[in-house]
Amino acid sequence: MFVSKKTILVEWGHCDPAGIVFYPQYLMWFDACTTALFTNAGMPIRELFSSHGIVGVPLVDVRARFISSSTFGDELTVESDVQEFKRSSFVIRHQFFKSGKLAVEGFETRVWAGRNPDDPQRLKGLPLPPDVMARLSGNKTE
Amino acid sequence: MFVSKKTILVEWGHCDPAGIVFYPQYLMWFDACTTALFTNAGMPIRELFSSHGIVGVPLVDVRARFISSSTFGDELTVESDVQEFKRSSFVIRHQFFKSGKLAVEGFETRVWAGRNPDDPQRLKGLPLPPDVMARLSGNKTE
Amino acid sequence: MFVSKKTILVEWGHCDPAGIVFYPQYLMWFDACTTALFTNAGMPIRELFSSHGIVGVPLVDVRARFISSSTFGDELTVESDVQEFKRSSFVIRHQFFKSGKLAVEGFETRVWAGRNPDDPQRLKGLPLPPDVMARLSGNKTE
Amino acid sequence: MFVSKKTILVEWGHCDPAGIVFYPQYLMWFDACTTALFTNAGMPIRELFSSHGIVGVPLVDVRARFISSSTFGDELTVESDVQEFKRSSFVIRHQFFKSGKLAVEGFETRVWAGRNPDDPQRLKGLPLPPDVMARLSGNKTE
């Protein structure tokens, strides 16, 4: 699998009164790391969504384990990869490391989603394009 | 002027390591209070934007004074009104009170914005509709 | 079990370019609903944390399923209750309903945490006080 | 004056249903850029606050002008410097550039704040230490 890496600096505003990262912030980073995964695999999402006529890759399920806390000034490194491909969805794993030790682990299940032709207000899962799967798998197709 | 009121409960996640509200949070509340101002004046923004064919009321200028801090568990009351109408923009004032004393005061200058016909990627200020101004002024038109 | 209810108004700023709630926002609401659960059970967290000498109730695990999306202007009702008590942790379920239908379901595993006496920079799980468990179970102790 | 630079990648989650950065997000970046200003001037805030016995540098006034919008995938460069020193406060300017053109400009007035000795729940402005002013002015004191 293709592994995407991203570095994150924990800011004052990411932390709560206990002085540690407020946990929904990690899920914002999951989202940014998913964007980075696509970008690093050669598919910037703005172009990707528009060229494939999809609205986005909305989440249907997320899970996270918080192993150790971090505070402002800490630098985290994140490794993201796809763990599983289904017909119109896929599972991305994000591993956050602090000083080389796993601090947070998350799993996002996302759908490749376009407008529902029967009701444009609703989204509809579409089959994952083979070229997208290939790039996320680390197999360059070009 | 029509004055809109809103009550806000400060949550743990709104606060920073100093134990007080992280200041950009107040600007999120300014935005929500502007939405409430329109709703309370009889114009829910989702219907308003779609019926008037605009994209939204983006901000061009904001100013805020932070007089005293608040922490989680505090209840704030906000009073919002329009201080000034210009051709395609207007100035909203938000006053946050804690136990009856002014804690934060903000001023947002917003534009009544549609898609630019020459470039749909860009926004363009449009004249404020008289019925919208009348309602924000507290003069029911219906 | 004691069931806590909370009403949420989806704001413009909670939504992303797809026009739906940006998913980490739900986890901010999980946190606020957990606070409401304690408050509604008679234990406002600010007093609770300080009277029991704990730092907070940090999360160690979270899971969420996103069944249907919501947009700005929608009103959601949330029901929160404790699904399980362990020695120093507990599992809270949050169910978000939109027009009576389940839209999002989440599970938070939280720890009753104080400062580690051996290293005040670190947190340490402590046994859940019986009176706290009783109140969260819906058994008033007073 | 010492000028601190920071690069920001606009993420999907920073944007609202109009597809542009939700404006309070810029103020989160102001805060992060102020942190970077201290770090780049040789004073990481975690150490700085603790070594000088202050709680932080809370904001008393903020102003921002939004000249042109940005969307996800855009890269912004920010230049931050101190525009004015007062007794216990200082004014920081942040200029956001997109493709070399000024897109957002902000001014933060912050206080050098410790615990009020008469009431530890409250903060109190303290005189700015000369070495801190010197470093922010670009005059290395070491």
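Each chain gets a letter, A, B, C and D, in the order it is written, and its residues are counted from 1.
By our rule, contacts are C-beta pairs under 8 Å (C-beta built on N, C-alpha and C of every residue); 3 or more make two chains touch, one makes a residue touch a chain.
Everything numeric in this text was worked out from a predicted model, so none of it was measured.
Asks: Greatest Cα-centroid separation from chain D: which chain?
Replies: Relative to chain D, the chain with the farthest C-alpha centre is C.
Asks: Taking the mean of the CA coordinates per chain, how far is chain A from chain D in Å?
Replies: Taking the mean C-alpha position of each chain, the two centres sit 29 Å apart.
Asks: Rounded to a whole Å, what is the gap between the Cα centroids of chain B and chain D?
Replies: Computed from C-alpha means, the inter-chain centre distance equals 24 Å.
Asks: For chain A and chain B, what's the span in angstrom between their mean Cα positions?
Replies: Whole-Å distance between the two chain centres: 32.
Asks: Hey, what residues on chain B touch two or more of the other chains?
Replies: 12-13, 16-17, 22, 24, 28, 31, 56, 71-72
Asks: Touch graph across the chains, line, ring, star, complete or other?
Replies: complete
Asks: Of all residues in chain A, which touch chain D in the complex?
Replies: Residues 11-13, 28, 31-32, 35, 44-46, 56, 71-73 of chain A touch chain D in their complex.
Asks: Could you pull out which chain A residues touch chain C in their complex?
Replies: 16-18, 20, 22-25, 27-28, 30-31, 55-56, 58-66, 69, 123
Asks: Under the stated contact criterion, what part of chain B meets chain A in this complex?
Replies: Residues 12-13, 15-17, 19, 22, 24, 71-72.
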